[in-house]
Amino acid sequence: MYRLRYPKVSDQPPINVADYQEEVTMNKSVLFGAMTVAALAAGAAAAGTLDDVKARGKLNCGVTTGLAGFAAPDANGEWKGFDVAVCRAVAAAVLGDATAVEFVPTTGKTRFTALASGEIDMLARNTTWTLSRDVDLKFDFVGVNYYDGQGFMVPKELGVSSAKDLDGATVCIQTGTTTELNLADFFRANNISYEPVPIETNAEGTQQYLAGACDTYTTDASGLASTRATFENPGDHTLLPEIISKEPLGPLVRHGDNEWGDIVRWTLNALITAEELGVSSANVTEMTTSTTNPEIARLLGSEGTLGEMLGLDADWAKRAIETQGNYGEIFAKNIGEDTPIGLARGLNAQWTDGGLLYSPPFR
Amino acid sequence: MSDLHAHSVSFVRTETIPQSAPPMTASGPLRWGRENLFATPANGALTLVALFAIYLILSATVPWILNGVWNAGSLSECREILNGTKGACFAVLADRWDQLIFGYSYPADEYWRPTLAFILMLVAIAPVLFFDLPRKLLIVTALFPFVAFWLIWGGTIWTPIFALVGFVVGYFVYARFVTRSFAIGFFGGIAAALATWWVSGFIVPTLAPEEPFLSSVPSRDLGGYMLNMMLGVTCVSLSLPLGIALALGRQSSMPLIKYLCVIFIEFIRGVPLITLLFVASVMLSYFFPPERTVDLFIRVVIMITMFSSAYIAEVIRGGLAALPKGQFEAADSLGLDYAQAMRLIILPQALKISIPGIVNIAVGLFKDTTLVSVISMFDIIGMIRGPILASTDWAGLYWELFLFACAVFFVVCYGISQYSQWLERRLATDHR
Amino acid sequence: MSTTTDPQGGTFRLSMLLNDSRYRSLTLQAIAAIILALAIFQLYSNLAENLRIAGLNISYAFLGTPAGYDLNQTLIDYNSQSSNLRAAFVGILNTLLVAVLGCITATVFGVIAGVLRLSNNWLVRKLMAFYVEIFRNIPVLIWIIIIFTIMTAVMPGPKLYLGAEPERELIGGLFAFTNRGIYVPAPFFTSGFGGEEGSGLNWLLVIGVLVASFFAARFVTASANAKQAETGVRPNTMYLNLAIWFVPVAIVLFILGLSWDMPDPLANRFNLRGGLQIGAPLIALWFALSIYTGAFIAENVRAGIQAVSKGQTEAASALGLRPGRTMSLVVLPQALRVIIPPLISQYLNITKNSSLAIVVGYADITATLGGITLNQTGRAIECVLLLMAFYLIISLLISMGMNVYNNAMKLKER
């Protein structure tokens, strides 16, 4: 009967989003039939996503349908995980409220349509950055929040020490990312054969693997580690040394809306830079006033106009760090060595520690 | 001669022997067993095979179920309690009960709302299913969609009220003009209802309170078995009028309308539901105007409704075809026009014949709502395959959860199919 | 019939468009056509606009590019460098394979269960009722998942059969049942067309010979019928028919050098090699679809048999027919008329439900074209349209077959 439309705020000066009211007004013009009230309209694809998000007062963020450690609702229905934290950080930066996120679960099939059609504003769903997705599907990957690679898990009793020994093996694959393609390339390059068993969900893949229906289970190494952690006897299984692909996983947005892309990109960078500069959720408030490091001052908005350039207020990065912690904290809380997932930093350490995380400067 | 005989046969009994029980093998359980289980050698063999099959099934499941653990926080705790013995871990059902029923994101404080809506549904559906109940109960049925909508989605109460007002106004306009011509009444009614809704689009926002009595829940937050129920009920009820229209359209003498209906029905019946759901999840958003997107729940409702309306149309067409031609001719000879004939004579009979078929379609559709789990909606199967099995607490469980899903579906579907059989007997007014 | 009730001639008034039955249907159709055209235009322009905004286009070029993924069961040659189109064809063939296999076994299950539901053995009757109810009232998706899981959990891994001293010998040295599939000896030709590699021509030849035998056997039967009609004595054709069926095929197979490829436990450390492998996903899907649909078919069969009036059975008995012949000559032919139409729509359901293959990882059309190809290329609209077109064509073909049958079997009345 009516639907929600949102006032345009694009021509207003940058406002303190923390005070931003959920200014949702009911619109009268559209008549859709009684049941359509439930069809809460989401934002537009054409108009600036930033304006839409602000007007809506909620960020629509696409995540997986459930991958422990990265994005899964807990027993209370609250989404938790590494990818989820990125969504929340963006919401905190843009809307001033880390809880103002609507998580939209997507499958490998639906994720791109959901983003392209404007159903979600950003996709943070362990999606590999590839050329064809960037160019042909018209998306912008704004950065990498996890450097992953495809690995293999085998039972120890099989006595396999290298993926190249897997000639003729039956391989369970969790479909959805670029897994199938990497696997085909790897076996073709090494001129060995295999039997693929593509499985939709991690739960079913695990069940098949544990029942011995496949010799090895392959998906991203992070996923394998988190899966192994849930086994009855994790010690009976081992991850093979080969990582057969590069899987830079990162958030992505629609191509063409560069303002919005910049915001997501620099929110991610802010989290990474914060760790590099030693800014954490515990000391961020104190740092804002007491810091003498000009880059920290610029990051936290006590100096310069970086926030304004992005179309946000000065405290944007501060809020993201305050609520979610810096990259290192997010990592440790969701997938780090003290969690059941138990992943080491590895490639995902700061460049200063020999990893690949290297955020452009805040200047 | 005769008296000689009488004297010589002195041992004739004069009183009857007391009745003795029939032999063991000709009565009681033994006879029943012989006749029903071991009538012939082949039959006996069959019985033994069946007994063995039953034994196999029971011996595998009963100890597992009886040894089940109901109190544990995670699978590893379960395994500790079981301590190596075989047993089910039903604790997951207790731990994730709310998620299985309501999904993971429906606000926990508001669970009473869908529960109340469910109870109201039982009341509302009763007069439709059982003709003997007082007809006044149909008022509840008519009001139910609006109440249920308000309960489940929340928000301002004025939305459903004005939706209802639209229907009422439409009905009055229809009742006023139908005597003149059905077409004027029908289309006039629709126009009046649309006009009311258009006007209410201006009024509702001004009436809407800041803090509605029932907080608003977006349809994305619906999940669990509740989602299956809602999809099933909504789509079946929406597809009924659509199915009737399609069935009539298919019988129409106007070629354009007839072929439109035929193409629609054959197209929908020709493709699997899952491809239609793919359409809902990956294609349909491209067909809505660019400045708005319609949420997944609505898109899925649209596609499932189209799906079931095509099947219902075919069932009703069967009902129409089964009516004797005399009924049509009698209606014509009374001078009734098309609308009157259909409304007063043909449809009431055709629908009555079609009810069992429609109920079958409804059961099938309700089962098919589980397919939405494939397109990332968290119905009961989606909850099991997604969040619950992906959680570190319960990953690795399988049977307990699917057994539960089987049980909830079986209860509902078996109940409906028993009802359908009862109805068939009830409606069988002819004599065989 | 004259049309005197319709006003003759007269001037045309605008209200006649609505009130005159000659024009009203035209008016309504015109309105419908306009609404339809508007709707199509609206949808199309929305689509075009949305695609323009997203910077996408509709293009089927991806069908020609290499698919890049491997499949586990292919009826035609396929590797990861084959095109997406070929992957789709593999999927189509796999869909058809599981649909045909499913239809056959579902019919068998259904007929057995349907007849047994009318058995006079109480236990069997109840057991079959239980089977029918439990499968009819639980979604097929759950059944497919459960059966696939049971299969992998209950059947042994192939390890048991592997190595020089396996824990378990191949059954009869020929078969192996594992949770990855069933291994059986595969026939091949040593001296046929295409040499050692083999070629489809060999099988075509064998099938051709069988078809020829079929027609020859029909001819023999027909001439025997003619002779019987003429002289009243039926010549014994059994041996002749047997010879027609088996001798030519045996000769052809011998010439082609038929031999058997046995599953080999020694060739590979992970899997049995050689022979024909029927993969676990296929078996699970096949079995799940058959047993699920079998429950529906059982109800159709039962209803069909019960629809034959009891008088028919009694009349047959009165004529002195034995119960077996009563069933085969009197009851079943009449019941079939009732059974076949719903049976065919069950076949249609099997074909459509086979699209649930994705949950067991069987490479059918939904899993290749509508699954991995869609995931990897992101061409959602194109893939879904092609997918629907395929299912639509199959369904229309099956319905056409059904209409032909219905027309042939229709009771000829008046």
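For the reader, a short list of remarks on this structure follows.
In this document, chain identifiers A, B and C correspond to the written order of the chains, with residue numbering beginning at 1 in each.
In the analysis below, a contact is a pair of C-beta atoms (placed from the backbone, for glycine too) under 8 Å apart; a residue touches a chain by one contact, two chains touch by 3 or more.
As the structure is a computational prediction, the values presented were derived from the model and not from experiment.
Of the two chain pairs considered here, A-B and A-C, the higher C-beta contact count falls to A-B. For subunit A, the chain with the farthest CA centroid is C.
Centre-to-centre, using mean CA coordinates, subunit B is 28 Å away from subunit C. A separation of 39 Å divides the Cα centre of subunit A from that of subunit B.
Here the CA centre of subunit A is 43 Å from the CA centre of subunit C.
Counting partner chains per residue, subunit C has residues 50, 53, 145, 149, 358-359, 374, 380 touching two or more of them. Counting partners per residue, subunit A has 45-46, 109, 113, 117, 200, 204, 207 as the residues that reach two or more other chains. Shared contact sites, meaning residues of subunit B that touch two or more other chains, fall at 278, 282-283, 285-286, 290, 374, 398. For subunit A in complex with subunit B, the touching residues are 1-3, 25-31, 33-47, 65-68, 72-77, 102, 104-107, 109-110, 113-114, 117-119, 200-204, 206-207, 210, 226-227, 229-232, 340-341. The part of subunit B that touches subunit A in the complex is made up of residues 75-76, 79, 95-96, 99, 103-106, 108, 149, 153, 155, 159-160, 162-163, 166, 194, 197-198, 200-202, 204-205, 208, 218-220, 234, 278, 281-283, 285-286, 290-298, 301, 374-376, 378, 382, 385-387, 389-393, 395-396, 398. The touching residues of subunit C, counted against subunit A in their complex, run 50, 53-56, 68-72, 79-81, 145, 149, 152-153, 156-157, 159, 179-180, 267-271, 273, 280-281, 358-359, 361, 363, 367, 371-372, 374-378, 380. Across the complex, subunit A meets subunit C through its residues 45-46, 108-109, 112-113, 116-117, 132-133, 136-138, 166-170, 175-176, 178, 180-181, 183-185, 187-188, 194-200, 204, 207-208, 211-215, 254-256. Those residues of subunit C lying in contact with subunit B across their complex are 18, 25, 28-29, 32-33, 36, 43, 46-47, 49-51, 53, 119-124, 127, 133-134, 136-142, 145-146, 149, 352-353, 355-356, 358-359, 366, 370, 374, 380-381, 384, 387-388, 391-392, 394-396, 399.
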